[in-house]
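Below, each structure is written out as structure tokens.
Each of the next two complexes has subunit A plus one other chain: subunit B in the first, subunit C in the second.
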Partner chain A sequence: MASKINPRFSEELKRYGSVNFNACYNCGNCTAVCSLSSPDNSFPREMVRLSALGLEDELKQSLKPWECYYCGECTTQCPQTANPGELMMSLRRWLTAQYDWTGLSGLLYRSLAFTIAALLLVAAGVLFFARTFGFDVATLLHAGHRFEMLAIATVFLVIFIPNLLRMWHFTIVKQKVRTPMMSYITALPELFINMFTQRKAKDCDEKDNFRWLEHLVLVFAYLSLLFTTVFLNWFGTGSLFIIVLGYVESFLISVITVHFVSGRIRQNKSLNKFSQPSDWLFVIWLLLMGLTAFLVRLFIDLNILENNIWMYILHLTVLAQWALIIVPFGKWTHFLYRSFAHYFARIRSLQKS
Partner chain B sequence: MNEEKKIIRYDALVVGGGIAGGEAALNLANSGYRVLLVEKQRSLGGKMILLSKVFPTLDCSACITTPKVSEIARHRNITIFTESEVTGIVKRSENNFVAQITKKPRYVHVEDCTACQLCEQACPVSVRDEYQYGLIGRKAAFIPFSIANPKAAAIDIENCTLCGACEKVCPTQCIDFTMEPEQYELHARTVVIATGFKLFDPLEIPRYGYGQYKNVITSMQMEREIAPTRPFNTILRPGDGKVPDKIAYILCAGSRDASVGNPICSQICCMYSIKQAQLLMGALPMADVTIYYINIRSFGKGFEEFYQQAKGMGVTFVKGKVGTIKEKENGNLILRYEDIGEGVVKEAEHDMVVLSVGVKSNPDAGKIFPQGTLKLDPHRFVTQTDLMGSPARTSIDGVFVAGTAAAPMDIPDSILSAGSASSEAISYIIQHQEA
Partner chain C sequence: MKERIGVYICHCGGNISDYVDVEKVRQAVEHEKGVALAKTTLFACSDANQNDMVEDIRTHNLDGVIVASCSPKLHLTTFRNVTERGELNKYTYVHTNIREQASWAHSNDKEGATDKAIRLVKAAIAKSRFAEPLYPNLFEAEKTIAVIGAGIAGMKAAAALADKQTEVLLIEKEHRVGGHTATWGTLAMTEESGSTLTERIYHDLLRRENVTIMTGTEVISSKGSIGNFTLKVRKRPTKDGDPVETAEFTVGSVVVATGFDSYQPKEGELGFAQSDNVITLPEFRHLIDRAEGKELVYNGRKIRHIAYIYCVGSRQTNGENTYCSRFCCTSAIHASILVKKKFAKINNYHLNRGIRTYGKQELLYAESLAMGDLYLQWGEETPPAVVMEGKGATITLRDILSSNRELELEADLVVLVTGMVPRADNSVGTLFKLPRGRDRFFNEVHMKLRPVETVIDGVTIAGSCQGPKNITESVNSALSAATKSFSLISKGTLETEPIVAEVNSDICSWCGKCAEACPFDAILQKEVGGKTVAMVNNSVCKGCGMCAPVCPPDAINLINYSSEEIMSMIDALA
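And then the complex of A and B:
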């Protein structure tokens, strides 16, 4: 198959946040110092090379960007300051945009103005929606709950499933991977283990497991809060257990995201040095989600929500922006794509053996 | 301390007695000018006198340097100050440079010393031998190395216990602990800077384990192991004295590496590593030698042929910078690198690793003149203000630069550069004769 070269690819990738990767002189130091790189799966230099040449098809078919958990060692040790770690991050953003059939992902990553406009539009929608219900707490709480369920189902069916199919098409079908149907089942543990434990991130930094643990707690707090609000109806429940559970979850989310935000402000690790709007948006909105949910429940328990309906509208706004922008098109998707990348990689490896 | 300052006058001051400074001094002296050659170390010859052979001709380095150094030392127009430092040169007029020179005491009267080495045998103090790059020890009363010039004992006063054992055995009573630093004020008509270079310190790359893993050495240590004046008379790895049979070279250790603040190419490491590999193939015919490289820069006359010759001799070349080194219990080393040819990360075991350390500027060059008067480039080498037209010129008219004080370069280029500096200096003296 002939390879198509895009000489303007580095300009394109710059809009997704890449820095200086064209300085690479192909010494392979990054691959050699990477603790996740293995003889069967060597990166990031290959990705730097493909990006420098603008081999978009090869990049689209690669799962390697998702193998990286960004410890930043390659960037620290790069003799050319080519910043391979940030290139891998940019490729993940770019791939997210490639998988997305709507094209909105790409727009949001490339344009801050578009992102802000989208956030404002959703906020206006929420206000309009609240007005039509006459700012009545009970109706709003009910409608909010309904909206949450509806949004999850829609995003899954309309965005995620087609996008994951596209990802599968790029990385399995176009790669001409031929595996028996059984391998899709035998590889399933890989999907769930990586989705819920980020096991490989643990190997990323041998000395320090704190980042992995923090992230793990955040993932579980977030997923269980989602479950608590949607299926256990946290805001409507009378069960003390569920109420306390929700408090603990939203508290954990707030504390960890505050730590993440402060890390990005202090730029204490190479992972935190080049934050794109999409990174800020993700972590700040997660923080706002946790915080406003916590406060809404607190207002309910103190019986003051009635007179402070703005608190719930604020929460609903954050929730709507999260569910309609960040989850389907933003950084939230790495939760799915990364796990599926490990799953697909496992399927590919089953073909070899 | 001897406070009185002796005033001395010479036509030219040459700072640095390595191959570049020596060549420049010799050219000036042969043209009839009186030269003061100031060297910081205890011997002339710089780094070249300590090398094994030179690339790409494989001539014996000591056999070229030693006669040259003798010629410099015996020349009637050259005065040599060893263990001396030049500071605070001020240009008073076009033909009057005034320099402050401190001559440290050697505690040995060189003219009386016969180099009999009795003091060395008597001295009870053992320290690491810096001239063998720490591979073996030496005494505190010692002759720097067998082909040193001046070949005379010296007392390492830092480590001396002042026991007096050397004084008692000295047959010529040339050891004198009452010697004190001497201060000179030199008036010269021109200055040649030949302060040379410093080797990169591999402790700056902790992932290569130098100083921690005993069988990781620098290329200069390997150079000593294969030189005619070598410490062990064979090739041994320092950890356990075993003769190695799987040796790795890591190129660009501290060169072309912005992460250690030295993004430039050192120009000599590819070739000296290839040279050492060839010498090792001769010394240890059964040994495997592997060179890990980013690019082989064999740009000079005869260099590419020399590289191909090494390949033909069976030296293995692997494209890929070594990322990390780990030590096994038996002292062997595991190198992790990406084989660029295949795009695959690999690990290889070697029983000895040589870090081909790069060339860094010598900070001493900046100390000779008052702060800021002599321009240095961003890498702290002396700026060549007219690189294309007159490469020996510096930012101060009448001050010329020779050899690696200006930039990384090999021996032939250093000698060429010294030729340029000395002829520029002579031309400067003639143009600025006193009326």
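And then the complex of A and C:
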């Protein structure tokens, strides 16, 4: 069955941040330098080609954009400055929007105005919420803690599970992968190893292991801070160990994200050259999360939060924007989709053998 | 009869002396009749030996020189010049080849090789005894030059010749000048229109007093040869009832610039002639040059999606046009940019076999890619399939650039990117007996070293009559052909080799066999003392010798290869 060309797709992809990929004249330098390329598996030109031709179904069924960690070698070597690395990045954004059943993800990626409106709406909601509680610190801290737990559960059930099922549908069912149920279990290590260690990113860019290490520390700091605030109730605990743990975690998050933000400002490598609003939002809000959490706990320890309730409201606003916008619909999802892509790829490979 | 001949036997490093005992050869010939001097030399062609030879000619008062060495193709001219420096007539020099014909051919039989070399040198001595001094034939050359074809190449050649203060006849079959170029709109790279370009040259030519432009005029016959071509031309009537006028002109040389025909696809080739929406590249150019408004409309249908199928009529694996037509990739891409700039909503699909926008033209390819045009590449084994549906076309092809995926696209208009083919009308080629290559375009003498000359002396070729060329390349070749044509006759006199055939009119009784055998049309009929005899046109004869053996009464003699000379050589060899 012949696939039908859709020349309008490249216009669509531009709204997700693709840069100049039409300039590609198919020399294949990008494929030659990409460490993921093998004789049977071509990166990243195949994706550039499918994008140029607008073969949406084939793109939707592909896991390849997630296998790329943006070392940027292809973009550096491209004689046409067609930015294949950035194309892979924009395909990840586009795929995120395709997986999302609500359609909000696509709206947020395509429209900065919509993103700002969403952020303002959530901020207003937080203020309204704070006012109904009469700006009382103890009540707010308690309610904030409850909100956090509720948000995690809701996002997980209402957004992530359906979206991951959609991803599975596109990449496994539509690809007509026939595999025994057992392979879903035997492939599980792939899911968790990649989710927590990004082992494959290390293979991708052997020259720059520092970035991988930074990212690894950030992931662990973020996840453990989440655990520390939600399950160990950092803002409410009296345990010195937990208090210090929370300080260390939020400090690490702040330091690493400051480094990431400065990299994007300096545009020091291809990865950082074409930041989209969604990229800025993700890394800046993560920084704000770490920083405001650190300050809230500091204010508690200095016993000045009572008189500076704005500090907690600020933190809660950042938290709510993070949990309601960036986590379910924004760049946060790459944490899930990327690791599931490795998982599904493993399942696909089990079918072949 | 030569009586003081100098013989030089070359070692050629070891190329000869490893197999031929050169000293034995020397001893075998030094006492031959007429030999005054016999020497061996390590390299006869070396400067030192050449100087020794000149010195020997003077001190030993030599009247003939022989070198036994390599092929005459390599060093005949070298030693003729040495002889001339020694103040002997250079045509008295005799060359004999004991390398290719003795040492290399008989490297397994040294004695045999030596024996053969001795006999070859003896034969050369026999010939040398009869060698006569000869002098080049001199002709007066007509200084007018004809240029046939007033396309961009012909017009530029005419202008370049006019600059050299020579008379120029510019002969054009059509009733207008400018050829194909004049019919094109905006041209690639320079962004001028074709007609602007040709009009500019035309007005330049009109200002020049030494250029005569004859439009609507065909050359119907050509007689004579370099220096003196007599061209008969016929003026085509512009309207019915006008008399047909003919005229004759004498010119010294001719620049042929008759151009090309556009390839016409066969009916059914990629949907051609089966639908109005399948057109050729020139038709598409004319469409977009004229199109106005917000939308491109063709046959009452709005055109949004245009598919360009490349290499139609070029690079054929099963047809006879195996060559690349050179201009079409650039031209099609340029047209696709023009149409997209004029009508923003157009989508272009380039179904190509590898893009050849060589040199600076690559910029157009980059521009087109940046505009978002799609390039799909098919292989010669799997051409695109065009199916007409309603007013549009559905095209399927296997795209090499997408791992041979089968792709489908819909097009409102299919443009067949047609290449160049030789002129169907080869009348000018036939008149001058211009040889054609396997591509059926006119052939040059040497692709690299003599790119505008033909084997017919005095006839050069310019522009796309020689093979597909873009305008830049056509003008390049036109300027080169003009210079070459002019330099052939610029001195006003012509020198040709004296080694030609001569007819003994006492014996000849005109049977015409020699004229039939002559590949160069050099034999004419002539009345001498009331009888018809054959006469050789010295300016055309190449001295090939084809006529001599077919002459029943043996009335033809090839100068420098007289029966006397050849018979004495045979005697010496036996």
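One rule holds in what follows: the second predicted complex is superposed on the first by the 348 of 353 C-alpha atoms of A that agree within 3 Å, B and C clash if a C-alpha of one lies under 4 Å from a C-alpha of the other, contacts with A are read in each partner's own complex, and residues count from 1 in each chain.
We take it that a contact is a pair of C-beta atoms (placed from the backbone, for glycine too) under 8 Å apart; a residue touches a chain by one contact, two chains touch by 3 or more.
Note that the coordinates shown come from a computational prediction; the quantities given were computed from them, not determined experimentally.
When the two complexes are overlaid on their common chain A, residue A:E46 makes contact with subunit B and with subunit C alike. Once chain A of one complex is fitted onto chain A of the other, the partner contacts of A:Q80 extend to both subunit B and subunit C. In the superposition on chain A, contact is made by A:C27 with subunit B only, not with subunit C.
Contact with subunit B, but none with subunit C, is seen for A:S38 once the two complexes are overlaid on the shared chain. In the superposed pair of complexes, A:S3 makes contact with subunit C only, with no contact to subunit B. Comparing the two interfaces of subunit A, the one with subunit B and the one with subunit C have residues 25-26, 42, 46, 80 in common. By the touch criterion stated above, subunit A contacts subunit B in their complex at residues 25-34, 37-39, 42, 45-46, 76-81.
On the side of subunit B, the complex with subunit A involves touching residues 207, 252, 256-259, 263, 294-295, 319-324, 336-340, 343-346. Against subunit C, the residues of subunit A that register as touching in their complex are 1-5, 7, 10, 20, 22-26, 42, 46, 49-50, 52-53, 55, 80.
On subunit C, the positions that touch subunit A within their shared complex are 305, 347, 349, 355, 365-366, 369-377, 396, 399, 401-403, 405-409.
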